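Below are structures written as structure tokens.
You will see two complexes here that share subunit A, one where it goes with subunit B and one where it goes with subunit C.
Let's turn to the complex of A and B:
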């Protein structure tokens, strides 16, 4: 069976950016890019379809509603105590707790979602595509679905150093 | 790079017309209701001082943090500061209306009001005016130095002028942060002379940058529509939008900090400020202001994509400038005037001041290169992208 993925290596980030732009225009599904440092342009090109922010907003709403329900239940329904002459249901002191709990739950759940989606968990052996990824080389990993020969041609044109096929 | 802005003739006519409306409004105001007019003079002075101050504080922060991205737009916040000398004159005119606005300045009040009598060594008319002169002297001196070295750098490509600008930016941020907080307390907080909040000055000082950025965005977008500032790209707007987003959070935070502590402690001395606003007839403006200044910018600017669209930025900035007016209206009017009134006097005087402010700002913009020629970070700013 033929290996599943095309792996192209780049030494120059500008070339990689060119290649990514062209592949994106042709709607080729890029699996991942591994690199020694972050590149904002690349990040923008690759993650523009991330749904994580929407998940975060959802978690935030869930957090606010649930903690409000909890506080309402404890301080109004289950065990109402009057202190300081304030009404039993008073909103202002709840705001701080709602705010902080919203941050806490959103942060934890978003991190968990990200790790779940990216299949990262403690104890997992590191999946390093090549030792030189920690040095000076970018790796672009592609599916071989579409038209491998044409894609390889493009990659070569855009300045890929080396194009291999690998099972990842 | 050496473009200069030349104001259109009909723009100047428009500003002159606005100032004329303002003068008519002042005259009708003095005929019908002097107290309301003096309160409005203070309101509009403070409104535009806030924006000018916000512009210069923003400008100083760019220098202190060695920010590269903002070099291309830095003439706009600087031009906003051009209003300060004029505002100093207009603010000193308030001397004639002090008893109309400030309860503590009314003659003979110290005999009937023990608390004001106790505060009298600080809150008396001569000392108040001395402090006002001092504040403006400091603002103007430091602001002038900032302007001077920025212009010198245009003429001569020398890094030492940049170092000087950096030095005076530090001076300005020190002076602005401390003395604009004090000035806010002096000019606005003492209207409710029985009430005090330690957060008040700091809050108004920090928020001046919020509204300053809104004004900067509007001016840049206007200049772009006139064919200038082609160098300003998406990333610059993105950064300015981030400023709005951050400050909307700061606004919510400081607003709530002041409110919650007073609400919780429930001391009559402190709740006297919130009673008419929170429960009385000012309730509508109280909530509307919170929605305009906090809720809408916070929800809209949260989105990264929306936050850099010029149309969205324009809408939010215009809303914020309305929000600033409501914010100051709510701080000044209940204590100094009384009933909720909104009419020709308010609108006309705001228009007059806005005409004056815009005229001076665009005049200051036209006096120098629109893009600082020899700024060391200019190259970085032109290629700014995120």
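Let's turn to the complex of A and C:
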């Protein structure tokens, strides 16, 4: 039988932060916290930095190179037209489109990467821990670990309003 | 948080997360008041007038507009630039919030973004109709058509197409992604099955996981960072549509920064108008406090100073250049001639009236705030009128000088866009939380 999870309920994020700090110091394995909003101190303690910005930079470089290649092909190779005696290959006006296309493609690809990585997409069925999770309650979810009774005691001391065991 | 006298509370009164959810979802969860139906009725009448004008513009042709051989850009482009300017505020607020970490913007950015989305949609309609055959609008996209001819990448008009399309997409993305946790809240509180299904579909199965929040916050910061230069570039490119031409009054290097500041200025004024109305209608003064309105008023004050300086510099450079055409446009046509009434309305509304915000009492007086916000938008409309019409109607050749007045069809297209804007905003406040609930909860204990 798979082990059940310990779920501690908090309404005050300060208490939750205290509990998470203590559990982290004691190297307790926490699975996740579910809550109505992002507490930034909590995010720092609970998660590592997302790699999304690196992906965004990569997409930006790909976008700039590809749109430059496209404009060079269309304006210089495929259909060169001379406008008002200006050179066929003129870099400065291309910068504007390179800049805009970089933002456009980076936005689209970064959003798609987010969907893929966070596995959220329109129409995905919601599997929430409790309806109050999007209202006013935080749920700290833990593995049973090796010392569940001690963990429950800590959680109680740190202000958990309810501690239950659930299979998630 | 470090206690400091310069920090002010994000939420006016002490409220629990539950109170915040209940109060901010009240406009969505209760039946709309009579004013909402009246507003929708007015919006629909405007839309009907706009639909007639649209039909006339397409079936009879652009001859139904007041354009002449000299004034080839009239009400359509004035209103295009006006709406695009208004559309700058939403993303500017989001940037304030995400990039500059101005937490007070959290209460305002949702509505400001909604305003941006509808304003940019309204703006897009004008160049679309101005093409004459909007069903061929795809010709402006870079695709190899039957003549194997590509678009001209050197043209600011093409830059405009790309910039505005990108901006619209970015605005919708920022708006939508910002509301996902709040849509999940609505999903979990929905009482009927259809609402639950719809909010469930759009909330993407959001479960409040902090691991997802971490990625989500990173994503919104990246989008905010990308939107920041985009906002600046959009109105800069709109300004380049004018400044690369050779017309006196248009051919000026000051136009891009001047247009950008004007856009932020008019957009913030429209945000102020809307926030005051919503504050009154929904009794949300604990979330949009006097300090919020005060902050917007301060931005308007500084915007007004920059705009006023730009007007003065334009006049100075015209005189200093010694070019008779420039001198004529600025000193004769605009300041003392055919267009002087519009010019002085512009100066009065944009450069003089907002100076009242130097006084704290004015920044805290709702009636003054509301009046000034309306006057600024009137002034900004006249600014675009002055820039376009005075330069086109009285250019180099007196033989081609002409009068310009809009026709009922011109006015109809403009009124129609108001219909889109009013109906869009009313539907927004009916079905989507008007304030970013999760962000207000996150910052309620912190000061700004």
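What we mean here is this: the second predicted complex is superposed on the first by the 130 of 168 C-alpha atoms of A that agree within 3 Å, B and C clash if a C-alpha of one lies under 4 Å from a C-alpha of the other, contacts with A are read in each partner's own complex, and residues count from 1 in each chain.
Here is the rule we use: a contact is a pair of C-beta atoms (placed from the backbone, for glycine too) under 8 Å apart; a residue touches a chain by one contact, two chains touch by 3 or more.
Just so you know, these numbers come straight off a predicted model, no measurement behind them.
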{"item": "Superposed partners subunit B and subunit C on subunit A - clash or fit", "value": "clash"}
{"item": "Partner chain in contact with A:93 - subunit B first, subunit C second, else both or neither", "value": "both"}
{"item": "Which superposed partner A:65 touches (first subunit B, second subunit C, both, neither)", "value": "neither"}
{"item": "First, second, both or neither for A:104, with subunit B first and subunit C second", "value": "second"}
{"item": "Subunit B or subunit C, by number of subunit A residues touched", "value": "C"}
{"item": "First, second, both or neither for A:85, with subunit B first and subunit C second", "value": "first"}
{"item": "First, second, both or neither for A:112, with subunit B first and subunit C second", "value": "neither"}
{"item": "Subunit B versus subunit C as contact partner of A:32, first or second or both or neither", "value": "second"}
{"item": "Which superposed partner A:41 touches (first subunit B, second subunit C, both, neither)", "value": "first"}
{"item": "Overlapping segment of subunit B (options 170-178, 296-304 or 332-340) - the one that collides with subunit C in the superposed model", "value": "170-178"}
{"item": "Residues of subunit A contacting subunit B in one complex and subunit C in the other", "value": "40, 53, 86, 93, 96"}
{"item": "Contact footprint of subunit A on subunit B as seen in their complex", "value": "256, 259-260, 263-264, 266, 304, 385-386"}
{"item": "In the complex with subunit B, residue positions of subunit A that touch it", "value": "40-41, 44, 53, 84-86, 92-93, 95-96"}
{"item": "Contact set on subunit A toward subunit C in their complex", "value": "11, 32-40, 42-43, 46-47, 49-50, 52-53, 56, 70-71, 74-75, 78-79, 81, 83, 86, 90, 93-94, 96-97, 99-101, 103-104, 106-108, 110-111, 114, 117-118, 120-129, 131, 133-136"}
{"item": "Residue ranges of subunit C touching subunit A (in the complex, touch as defined)", "value": "16-18, 21, 142, 144, 148-150, 152-154, 158-159, 162-163, 165-166, 169-170, 173, 177, 180-181, 184-185, 187-189, 200-219, 222-223, 226-227, 229-230, 233, 237, 438-439, 441-442"}
